[in-house]
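Below are structures written as structure tokens.
You will see chain A twice below: alongside chain B first, and alongside chain C after that.
This part shows the complex of A and B:
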């Protein structure tokens, strides 16, 4: 059933003032329009613009969360600038990523990479997580630069390199100078890279990673963690030989 | 995993037994060798017991803890919960069973996972934490008993399976009902009496909904930030985080950021029982069919498996066969062709033990896969998750097991997973 965009004026007016505990009934029309817009480019573009415009205004956080959830489903490159504006906000960054992570357009990845260089701490980890989820190969240099020392950011960057799983990511991890929590993350990420190598038929590369980790872990690790890592290497080498 | 990474102490389990002192928010206590620790005629000595801790210790967590406390081969040493009441009550139950005051109590699961003396954990937090905690536990070298529904998104299942396999961990899903409650339909199906199964009906509630409950002051007895964890930042409201079993509002099971709703909550049991009865646990659906509302009947969704078996969720009465071959009340109805097939042995708990909890412990010792191994659990949960996505999009979908993605539907693929709030990453 075709939806007249004018019929959405009142629901979007209500949305602009929507806060926690507010009446959700007017939002049902927007919910329905989002679903109905599948295959209707004009309606979808209209919805995307209205939702993106709301993000730039003074709408309450509940309204902005609602808009991000809808853009997660229908967003295109068109709404990326509005979402990108929120990436540096402690309150809104996650919901902006909630949408951006799922928008396939390269502009979305570019916005996340740009923010990666601008934000710090947990927000930076957020950018890393979303870029990793997108398997964004262009993030490799930035991620490589972050895998250093003992910090949760370095650990997240290592994790992301493991998710990339490419030979370049494996090389960056092998060269990383880390300690503590980041060093553990490097080991986990290298195991992921070894599995990716083995799956790609690069058995020698996989074996090399496993042997390197085994050497560091030692013959008889004293901890559950150490034994689990050793087991991961042994199982991985066996699987690589079998496969 | 950056923020959920557990720091590993250098001491071994036996070192810990000599010098035990817990860290952080834990209740530190000197270790004393008691008769309970040394064992007796019915209880193994402490060094032979499985040392366990529990994460998420209210509601079902309390039930799971009670089951493990009742096992003689469990040494229960730690609880973790972001709510003071659950944490204190969980510690009290363990201390009563242990006859001392030594059970440590943590707010942050990372501190519990950092203890190298702990061999295994049970997890019964809200669903949005399951994958993060399970993967962190596997990396810390712990075995895991995980309450159902094991996953919140389609992508989480393969990640958890990968972690379990990579680190050689025993990870059991936690639906005690699949084998215990549904034998009345499982046995005739596996005995071949139903014949070739073509269709199943499951009646259970629908998917979860967004939550916009109003903000109220956060009480001092909950770490709200840690309760939310990877979920979107939203204000405290008791109805948002209550652990009651309702799914119509007023519990976390109602809301999309924390749960798949009744469809995955009770659905984990009903789909689990039906999929087990029809021997579909190794498979994943290949099609999801959305049936729009028509002729006065509400919309419903079916999943189709590669072997041409269909499961219908809430198919209206007039549209389904009048008489099933076997049924569990009106919750599960199974239709076979009635042509007797060769019987297969029903997979049971290991060594004939009587519960899914004991099955897990048997597998911790033997290193075999448990009855509800995480891969089977993740496969099972895919049906209700896919059905939920079809309801949201109001259209049919096709699933490619190889790529773990919906075919030709970019929007549906946006719902395969979701961005987690920083600093959580899996």
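This part shows the complex of A and C:
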């Protein structure tokens, strides 16, 4: 059943004032409209614009986060600027990047990459995670630059490179100078890269990574983790050999 | 010999240079790791040999070339991996290793054969049943698990082999029961009257698990063949299991009655306690006649039969006889029977009638021991009236401990306890004041706190 956009005026007015603990009933019409907009480009564009406009206004954080969740479902390049504006906000950053993570348009990835250089701490780790989830190959240089030392950001960047799983990512990980938690993340990420190579039929590359890790771990690692890494390498090598 | 990973990799490269299939390269590598001393790497290699690297040629090579050269502890691991491969081509190699194996390797080989072998391996496993415990237990478990055409037939033949050691025949009969091999029933029936008591007992236990009405005559024959004492008691349990449990109890009981009627002389006398345990109504006139018989021995048999009845249909007979008898042994027997049957769950009486019967019996008790047994049994009638019946006895030192057990048994039932909370709390306080038995006291404390108590299996 077609939805008259005018019928959404009142729900959006309610949304603009919505805060945690408020009445969610008026928002049901927006939920229904988002579902009904499947195959209705005009309605979807109208909804996207209304939601994006709300992000730029002075609506409570709860309302903005609701809008981000809906844009996860229907967002396009059109709403990227509005979402990007929120990436530096402590309250709305995560919900905004969840939306950008889902929006297929390259503008969304570009916004995340830009924010990666501008935010810090947990927000930066969030950008790394979203770029990794998008398997964004263009973020390789930025991620490579972050993999050094012993920090949670470096560990997140290493994990992201592992998710990319490309030969370039594997090379960046092999060259990384890390310690502590980041060093462990690098090993895990390298195993992921080797597995990705084996899956892609690049057995020699996979074996090369496994051998390199085995050499680094040594024959008699002192920790359970070291032993587990050796066993993982060995499994991987068998998988690579057997094809 | 500890081989380094580098050495393994070298061997891997050598295989690659010889242009062997990629899986051969991995197979060779896996064997190197299995032979090596690194337990972690060996585990990974065994995993690959179990789950990957398929093919009969590899299986045969593992079982016939690699397996014999390994240390016993590693042989055990590879045997497990071979079993996991599910390739019967490993069987000849496993059998060879098994023949030369020790108390560690032979059981592992039996376990592998259970997964991979068939009828051809049954004689070998049967032969191992007489071995030391670990070997015999593994062979027994393997014989239960092993599948294939003719397996059952070979086991049946082995069970019927009168020249085999009795312990072996007994073990095979148990194996057949574990396998639920109904094709073995005739063999079990024949074994129930074997000359050796071990074989007879195993046959009766097996028939108890697999038998039905058709096997009751065989069970009766086994019961009659059993030596008086433990063997006959066990045989009685086997017959009762068939006649008292399962979907065909009625037909089985009828079959038992036919067997009793067909028996003559001493055999019928021997069967009487068994048949009375089943409680066949047709038996009652015979029991009545025995009880009325002036011959003391015949009367004793009749009274014993009545005392073994499984429900309360004989309560009036018991009470009537109690009123007349002056012989103390008879009185004890009859009171004991009433104490036993009154609270039985499905004895044909309502809870009120059960309690009334128990209360009446209490008046007929003449010893503290009888009163103690009765008060404990009162805990099986799950009503608050039972609690009220028991409570006064908590004040009698001679029976207080038994009364306390009756109270905690009633309190065990949460619905009953919670439905009469104040009354039970007061009763449990009284139990804690008089009871010395630590289990009774623990139970009382727990129930007072709303907790339960785990009954240990007997």
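Convention: the second predicted complex is superposed on the first by the 243 of 243 C-alpha atoms of A that agree within 3 Å, B and C clash if a C-alpha of one lies under 4 Å from a C-alpha of the other, contacts with A are read in each partner's own complex, and residues count from 1 in each chain.
Going forward, a residue touches a chain if its C-beta (ideal position, glycine included) is under 8 Å from a C-beta of that chain, and two chains touch if they have at least 3 such contacts.
Please read these numbers as outputs of a predicted model, since none were measured by experiment.
Superimposing the complexes on chain A yields a three-chain arrangement in which chain B and chain C fit side by side. By the document's definition of touching, of the two partners only chain C reaches A:211; chain B does not. Of the two partner chains placed by the overlay, chain B and chain C both lie in contact with A:227. Put simply, more of the residues of chain A are touched by B, taking chain B and chain C as the two choices.
Rounded to the nearest 10, the angle at the Cα centre of chain A between the centres of chain B and chain C is 10 degrees. In the superposition on chain A, contact of A:17 is made with neither chain B nor chain C. Of the two partner chains placed by superposition, only chain C is touched by A:238; chain B is not.
In the superposition on chain A, contact of A:98 is made with chain B only, not with chain C.
In the superposed model, A:145 makes contact with neither chain B nor chain C.
In the superposition on chain A, A:137 makes contact with neither chain B nor chain C. By the document's definition of touching, of the two partners only chain C reaches A:219; chain B does not. Contacts of A:180 after superposition on the shared chain: chain B is touched, whereas chain C is not.
Remark: least CA distance from chain B to chain C after fitting both complexes onto chain A is 8 Å. 227, 231, 235 are the residues of chain A that lie in the contact sets of both chain B and chain C, per the superposition on chain A. Those residues of chain C lying in contact with chain A across their complex are 4-5, 9, 12, 22-23, 25-26, 29-30, 33, 38, 40-41, 43-45, 47-48, 52-53.
By the touch rule above, chain A contacts chain C in their complex via residues 211, 214, 219, 227, 230-231, 234-235, 237-238, 241-243.
Contact residues of chain A toward chain B in the complex are 18, 20-22, 24, 35, 38, 61-62, 65-66, 69, 72-74, 91, 93-95, 97-98, 100-102, 104, 122-123, 125-126, 128-130, 132-133, 152-153, 155-156, 159-160, 180-181, 184-185, 188, 191, 195, 222-229, 231-232, 235-236. Across the interface of their complex, chain A is touched by residues 1-3, 5-13, 15, 116, 118-119, 138-142, 165-169, 210, 212-215, 232-235, 237, 392-395, 410-411, 414-415, 417-425 of chain B.
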